[in-house]
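You will see subunit A twice below: alongside subunit B first, and alongside subunit C after that.
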Partner chain A sequence: MQSNAALEYDYSLAKKFTFLTILFGILGMVVGTLIAAQMAFPELNYLLGEYGTFSRLRPVHTNTVVFGFTVSGIFATWFYLGQRVLKVSIAESKFLMVIGNIQFWLYFVVALAATVSLLFGVSSSKEYAQYEWPFDLGVVVVWVLWGIGMMGLIGIRREKALYISVWYYLACFLGVAMLYLFNNMAIPTYFATEGLGSILHSVSMYSGTNDALVQWWYGHNAVAFGFTVPIVGMIYYFLPKESGQAIYSYKLSLLSFWGLMFVYLWAGSHHLLWSTVPDWMQTMGSAFSVVLILPSWGSAINMLLTMKGEWNQLTDNPLIKFMVLASTFYMLSTIEGPIQAIRSVNAIAHFTDWIPGHVHDGTLGWVTFMIMAAIFHMSPRMFKREIYSKKLMEAQFWLQTVAVVLYFTSMWIAGITQGMMWRAVDEYGNLMYSFIDTVTVLHPYYTIRALSGVMYLTGFIMFAYNIYKTMTSGRVLTEEPQFRTPMA
Partner chain B sequence: MFFHWLEKNPFFFAAAISIVISFAGLIEIVPNFAKSGKPLVDLKPRTVLELAGKNVYMKDNCMSCHSQMIRPFKSETDRYGDYSLSGEYAYDRPFLWGSKRTGPDLHRIGNYRSTDWHENHMWDPPAIVPGSIMPAYKHQFTNIADIETAYAEAVTVKNAFHTPYGPEFKTTRAAWDAHRPKVLADAKAIADNMKNKDVKEAVANGEVPEVVALIAYLNSLK
Partner chain C sequence: MEMDLRNLQGYANIFMTIFLVVMLYWYIIHLYRSEKKGVRDYEKYGNIALDDSVTSTPVEDKPASQREYKEENK
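Our next item is the complex of A and B:
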């Protein structure tokens, strides 16, 4: 990674996707905070009539943060760092610019339309794959356009060797394509009959146990290829760029990458422990989940060791703090997952709030922290202005860190309490608690979780404000900063 | 070194990724596919009204808080009934096991709750279960369920997957018109056990409110 003085990169697409990242981030988190509050205060279910119940809004939250926020973040960072590590400006090819712009607008329309469809209850019900078939087709077209753009840029690259980040973005593209296509296979009922009923409705190609297996092979690995793979790709670029340090070990990168590629997909069946899926598949899911610690920690340790001898940067550059904390939460999340995948632990943890707790230390602590850090790093380079406020960034960091800790600790307690109460028996072997006892006991934890949501959302709005002020009134930079991001 | 070569050849790099990530699905999912899809002996597919209810269940996303999977533990069989078997789900497209129990499991709710109980509960859950955090679903009493789509679904799975629906299930509109009275009769049988005037009136007028279809579905979960 030498300096890039000779080349002028085109950041128009990266900027557009950055705006969408922030927009969908706010939308998704507002809905998330609302549904968290609904669990503590059920009266909040009635703000929007039938469209405002927890059950309708939950998929709106998950799909907006996954397909809105995170995917925008992946696109934004790709259109920034893809050019830089391949040493080619996307503007050198008119074709790629056109494809990129079509991708942007189509993505925006599809993401909005699909979100609205969920609000109206048009849903195929499989988690993180709820979009009905017309929206699925839209997603596929967007994804193919991204693939064409990516392959095209790789095709005209000057730097022959693909940098580690490109491996991960490529894997993200291929993995999500495979998973999404197979899991969403469905037959539209309107076309399978003589135009009877709703044109939007479809039936899954798989049934019962098979459908569950395909769904969790998808569900778990959509997390792998959407929330892990591209985010690791980001940190491999942004941490060395921000710190001025070279990646600690190439061999560890190799091991982590290919290890992750091979191992991750086996672990999907750990979502189906104690279900009617054959035992040997459940055992494979458990075993591979534990093996998965190796490549996950491999990447995280590689990042932490990259900072070796430069830990002083942690005290004076808040961006380094964001990325180091992200790596740390990645380690926490990837040790917690395998623990939950052990059969005896899963017997307690499954179906409880410990699971959303686990998801959120990964998504809030790792994914969102890394995406925000990436945008903080990119902004002065894209907008040629200094970051508006370092103080605001520091405050945001601590507010959100405390929020994540409150979120997962409250959900750990809630989940284990619930799991233990469901199975508790008295001295005669009768169940000790009726189901409702295990709901009302959680009220304090749900309240804490809602509070943590408000804090995290506030932090995200501070982030959005900081970026907005950077764009409009940050001090103008005459020269691109080489490493450390300048901030006022 | 092999990896240095690979990193300079994007086509082979992408091919290598594709091969490495496809192992798991091929080895874990494919071999058991036929066996895992087998129905229990005598398993009946859902009626059109029940399918319409299942679609209401999906529309209001009940599975975000309720599971349909009783695990083989004494604490679960005591609470919910016999543990679930793979063959019971063979006609479920999609599967609706859920992943979270904010509320209780529903896989055998038809064994211990009645039409009357559901009617009161869907109207105002905390009135029936004090302390409940489930929202009321009053809109299901006025929204009309899409029974035509449910019929189209039955015909589709019959033709595509040999789900054992009778010979009267055909792709034509005429076949649907002929089947419709049967669905309305099923709906009337449910509505007869309900009190809500709007619901009774709608059913008398040949329409099926969502809550009627939903209750038919919940009653079929046994």
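Our next item is the complex of A and C:
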């Protein structure tokens, strides 16, 4: 208890997780850009022997951006805004500080070790759940520690009402815990066979269609509770705070929250349309995906309406630009997803490049833009210094915006071309094209995607540099800015 | 019609969906009604994000019996 010192928020944990967000962001995006280039120029597969092939690096990319970059961003923003909206400093409880620090170091070790394990080919081969069982256990411990810290902070809060962002972080915690546990249920072969085989190998508890169902219930909801729920939680805090405008409709935020919770969990089977899962389940996946537009747009429109009467801020504050664009990309990807989940559209879209196109307008345009905006907002408060360069931020914004547009437009064209070519038949019903015909046609679009990756990565490095310079040589602030983030 | 497990799952799903939709609509009505009756002003919670200094007065204070850091830290 700090009875003599003035009470202040403690940002040490938020800072640590911010560094990790940037580190894993660079790592994940470098690998992502490399594998995008490999799709266009296959010779790039042979740079590092077995460690440089697409098949090894693809899971490294996906897991690093999900469990490294995004999860660090979630932790960093929680340790920042959690304190603020609950009006309690985490330093008021030694226990919570200790738990938070253990969580940080354990997370750092587990995330790094798990990434390296994928590079060495240790994989359970379940998409977005490739970590083998010892790393899964590590992830579970980290998550439980976060839960203890979160509940603890809520327990000692001064603000009785839980702000809407806290609801979203709680949902993220509970949702990911449930999904991760169920999908990763596996038997380690070494113990089941009394010592045979590798200790780093396991067999899933599910098989066949059941495995597919659990996997995509997990896969789709990992997007829900990792890429949507906590990011909505972030924008509900950072956009009002940065603009000085309270949420347009708090009631709509509550309704959208429950709508999202209710609908999202049922939509996963849209990943399995035209497959062997029961027909009614496929229909349910399609129907719920379309209904999902309502709560998603409810939040996005609520954010845009928060700027009502204050749109001039969009022109003179680049941070508002980042967040409004994030919200807009959220709207785009949440209308695109339901369209892809309609059976007839899915017949063309499934397995094509339109799907990674969709994923990336969500992850690059929505998730990463929002996390970067959050870090830009937090930095002057955490480091007590002005943002180093507004011009650099503007340049980064435009470079990355163009990159996202190039990414998804090239993948739209590539995906639909691919889908149409695969199903084209001649007058006798024979397929008109072989697989390699599609690859030849798609080459220019793969090249554009690789280029967009280079542009986005360059923008992210500009972001990292701007934050580094802010920490080290930004103008020192004498008092904490209330709303708008100061920048040179 | 034969009522096998798969059919049952389908019907259970439809009824649960209807039930949850009714709940959701009831929630909208509940939100507006409690505001109209003056039970709770939901919109004031939006200020939690704007006025979030550690020394700010909470929008809704916790009961004194729970914790009183403010007094301790004055």
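Definition applied: the second predicted complex is superposed on the first by the 481 of 488 C-alpha atoms of A that agree within 3 Å, B and C clash if a C-alpha of one lies under 4 Å from a C-alpha of the other, contacts with A are read in each partner's own complex, and residues count from 1 in each chain.
Assume a contact is a pair of C-beta atoms (placed from the backbone, for glycine too) under 8 Å apart; a residue touches a chain by one contact, two chains touch by 3 or more.
Please read all numbers here as calculations on a predicted model, not as lab measurements.
Enquirer: Would you sort A:171 into first (subunit B), second (subunit C), both or neither based on which partner it touches?
Expert: Touch partner of A:171: subunit B, not subunit C.
Enquirer: After superposition on the shared chain, which partner residues are touched by A:262: those of subunit B (first), subunit C (second), both, or neither?
Expert: After superposing on A, A:262 lies in contact with both subunit B and subunit C.
Enquirer: Of subunit B and subunit C, which one contacts the greater number of residues in subunit A?
Expert: B
Enquirer: Of the partners subunit B and subunit C, which touch A:254 in the superposed model: first, second, both, neither?
Expert: After superposing on A, A:254 lies in contact with both subunit B and subunit C.
Enquirer: Using the superposition on chain A described above, determine whether A:197 touches subunit B (first), subunit C (second), both, or neither.
Expert: first
Enquirer: Based on the superposed arrangement, let me know which partner A:244 touches: subunit B (first), subunit C (second), both, or neither?
Expert: The answer is second: A:244 touches subunit C but not subunit B.
Enquirer: After the superposition on A, what does A:236 contact: first (subunit B), second (subunit C), both or neither?
Expert: second
Enquirer: Looking at the overlay, does A:123 come into contact with subunit B only (first), subunit C only (second), both, or neither?
Expert: Touch partner of A:123: subunit B, not subunit C.
Enquirer: Look at A:137 in the shared chain and tell me whether it touches subunit B only, subunit C only, both, or neither; answer first, second, both or neither.
Expert: neither
Enquirer: In the superposed arrangement, does A:7 touch subunit B (first), subunit C (second), both or neither?
Expert: In the superposed model, A:7 contacts subunit C only, not subunit B.
Enquirer: What is the shared patch of subunit A, the residues that subunit B and subunit C both contact?
Expert: In subunit A, positions 160-161, 254, 258, 262, 278, 284 sit in both the subunit B and subunit C interfaces.
Enquirer: Touching residues of subunit A toward subunit C in the complex: what are they?
Expert: Residues 1-3, 6-9, 83-85, 87-89, 92, 156-161, 163-165, 236-237, 240-241, 244, 246-247, 249-251, 254-255, 258-259, 262, 278, 280, 284, 480, 483.
Enquirer: Could you pull out which subunit C residues touch subunit A in their complex?
Expert: Going by the criterion above, the answer is residues 6, 9-10, 13, 20, 24, 27-28, 31-32, 35, 42-50, 52-56, 58-63, 67, 69-70, 72-73.
Enquirer: Contact residues on subunit A for subunit B in the complex?
Expert: Listed in rising order, the residues are 38-39, 42, 45-46, 49-50, 53-56, 58-59, 121-127, 151, 154-155, 160-162, 167, 170-171, 174-175, 178, 182, 187, 189-190, 192-198, 201, 203-204, 206-215, 217, 254, 258, 261-262, 264-266, 268-269, 271, 274-278, 281, 284, 288, 347, 350-353, 355-356, 422-425, 430-431, 435-436, 439-440.
Enquirer: In their complex, what parts of subunit B are in touch with subunit A?
Expert: 3-4, 7-8, 10, 13-14, 17-18, 20-25, 28-29, 32-33, 35-37, 55, 58-65, 67, 69, 71-73, 75-76, 78-79, 84-86, 88-104, 126, 129-137, 139, 143, 146, 148-153, 155-157, 159-161, 171-173, 176
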